[in-house]
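First comes the structure, then the notes that go with it.
Every chain is named by a letter (A, B and C) in the order it is written, and numbering of its residues begins at 1.
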């Protein structure tokens, strides 16, 4: 296990030590569990109590963090990023063991880089390529003529179907499926005399996953009907997400768990879709747009705009609506009172003849 | 690669050539990517600009499509269906290579048709059957006593659990799970003296997938508690859908991505559930009913009815509500004004004594 | 096949026979399908017609069930639990066949209990443990240093990633993924000079699944960033659920299909989340809390509270809101009338000068 002094860590991430820089540290841990040789992290005020009580040897904090008592901290701007980098020092990425397991099945026409690792029960189909230092875990299947770049991790039971292309430094989590057929059918009222049917539209495009993308467990990215479904450079996609045929996900986008994006929709750079968002097909979602959790996006979204609700609306409008909804019972009561008072007034008027 | 003249294609799909029928074509492509030997497709007006700019050799269009300039088209009713059929000519369904891979595991008591293909790392359990020309991709597992019909595709990592039955010409996409236990528990306050527990109700029924069904990647169809969970003939189910125990999905239904259908609910023929719809248990959804994206269906739906919203209501009612919701802030303002005017009136009346 | 007399069954579950206790029964079946040697079950009034028409030899009912005609029943409190226990008598849990298949891959340093069964194409990684009588189905992968307890079922294509711990009597359904990386990134505006990126925060914690838990098909439970993601004793989780890093699910909780729980949220004991619920991160959901289908939980929920809607509110409040929403069109109409009457009144007043 690697160890570092606090001063060494500070030098690596450009921070400032407050306390004993010679303190030797051998791991990272959450505030509650950390011991005297652990580095921990504090930023969210919700966890101040845990911070105060923590036995951590050192804690990474923002430059302006207030400390209730004397303790050893590493002050650094963007403390979370700094902590992540420190954690990486203690947990360097897995090195491949250059080897094709005798229990793996690699087709004779496939090209697996000599520095790659193919674990037991993984397969590489005819004409497929696997790049340098890439690791295929058990049950990962790379189908015919698919290409996987260098330094990738394809965890257990990942599927990359035929002719799809995976870039470099891509992480595909267990059970994700890249390149299943898109959901495309043409209604055929006659069915060659056998009655109506849904005629399958051949899904003959592919999927391209660009460099530095991470795709979550059991997420599905369908191949294009024609052309390419694309997840852009550096985008991060969470678990159980559905990305339909011909969708384009912009670079650096963040797609949270259980989001669904219907066919041919285009997301610009740096779009954020929170959990369980649904986006209908053939839309343009501008760069930097944000969609709140569970929102149902039925129209284009402008670059930089934030939307919420189902159907989704600009966030400010949605807030007003939700406030209105909260006041609805009160509003109904108020209306009934008005009605009564006005009726009384009208009745009196009737009586007095004024 | 197969090639066809435009006239040949027109003959196959019953359309009419406008332009050079001797033009030889060798593939299909989207409007943007198509070259002079490609057939493309145009129908959605949103893509007119791409149509005008396309370099496609020929384009399949509806009979009444307006053309801005002279270009070669194939006019045909139901142009999308015609295009799908043309695409199939260029991309005929995969032929099985009749072979059981030496890296597959087929139980001695299983019956695999000699024309079927079992790829490496697939398995067929005791007493299971695999029909003619069916293909099992790597990691597909057909469990004990399950039956898979003829001309099926079971893509990578598909699971068909024990005693389930798959019809003919069925496509199961990668990672889908047919026949996992339904979610059934009886609350047991005592737990044989060990305190409360959820007692597992044995899930001993099965799943039947009828002919011509397609099931999406990572979709789950649970086995019945008793009896059968059924997906009817020609129904198409998208990715990441949950179909619970004892559900019946009617023939020719279309179930979009991430829909969830709770236990024992019955869908009639030709039902359409858009993306992320949730349907509670023990309901009847009539033939031809449609459910809008993200709707939450908590009551029976009549045949032919369209519902939307959560909780779901008739579509027209829902539209009115949404319009009302849009007007809520305005309505609150209006009410405040009325209040003010009426108060003034009442105060004056008080003062003047009238 | 085991057979029992009705009197024997009654003795097992503590019920009372009405009719012939010597009747010999050999299975359980739904009311519609049951024959003279089957036990069936009736409780939901919706199915009274099926009950009346059933050919079942005997039916398990609540003590106070009304019978339209003379028929053989077993009256027992908590009839559903009793029926479940009877069904278990006819369908005892699968016994493992103590054997490691020659087509499985077990690392030399792994410890598999001699009474466990490892089926073909399953794998057990270096340093991993598999307990007594546990069954690994084809395609199940237990990664390095993971531990699986006794009497577990890991169905086809289940993944348990490195260092995760599974308790005793745990059922993991096909395709579920335990211990994929959590979705954690720190925005790095500089990216070491290569422009902005999402820097991956190492996910170096693990997942603990406690005793008697059942996890549904294709569900994902992510490993903690640091520390442990935990699913408590006796909790039951349905299909396609997302449980994010550092979530704690309380013992005996019920999490229905397609629910998503974001990072670090804690659920107390016996929480119920209905289908498609979304819960944002860092919340506390008290013991016994209930969340209605599709609700979007954005704030802490008190113990015992029931919430609904998106954003979620107390159930009673939500019902009032939904009623208000139903009345919105009517309310707008009412308001327009008031406006008109008041305007008339004011105009008259203007004219008459009163």
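The rule is simple: contacts are C-beta pairs under 8 Å (C-beta built on N, C-alpha and C of every residue); 3 or more make two chains touch, one makes a residue touch a chain.
Note that this is a predicted model, so its numbers are computed, not measured.
Q: Linking chains that touch, what shape results: line, ring, star, complete or other?
A: If you draw each chain as a dot and join those that touch, every dot ends up joined to every other.
Q: Tell me whether chain B and chain C, two copies of the same sequence, contact each other through the same residue numbers or different ones, using over half shared as the line for same.
A: Different; most numbers are used by only one of chain B and chain C.
Q: Can you work out the whole-Å distance between the CA centroids of chain B and chain C?
A: From the centre of chain B to the centre of chain C is 24 Å.
Q: Which positions in chain A are in touch with at least two other chains?
A: 121, 139, 157, 175, 218, 240, 258, 276, 294, 310, 325, 328, 331, 335, 338, 342, 345, 354
Q: Give every residue of chain C touching chain A within the complex, in rising order.
A: Touching chain A from chain C are residues 105, 121, 123, 125, 139, 141, 143, 157, 159, 161, 175, 177, 180-181, 183-188, 196-202, 204, 218, 220, 222, 225-227, 240, 242, 244, 258, 260, 262, 276, 278, 280, 282, 294, 296, 298, 310-311, 320-321, 323-325, 327-328, 331, 334-335, 338, 341-342, 345, 352, 354.
Q: Across the complex, what residues on chain C touch chain B?
A: Touching chain B: residues 28-30, 32-33, 44, 46, 78, 80-81, 83-85, 87-88, 90-91, 101, 103, 120-121, 137-139, 155-157, 171, 173-175, 212, 214, 216-218, 234, 236, 238-240, 252, 254, 256-258, 275-276, 293-294, 310, 322, 325-326, 328-329, 331-332, 335, 338-339, 342, 345-346, 349, 354 of chain C.
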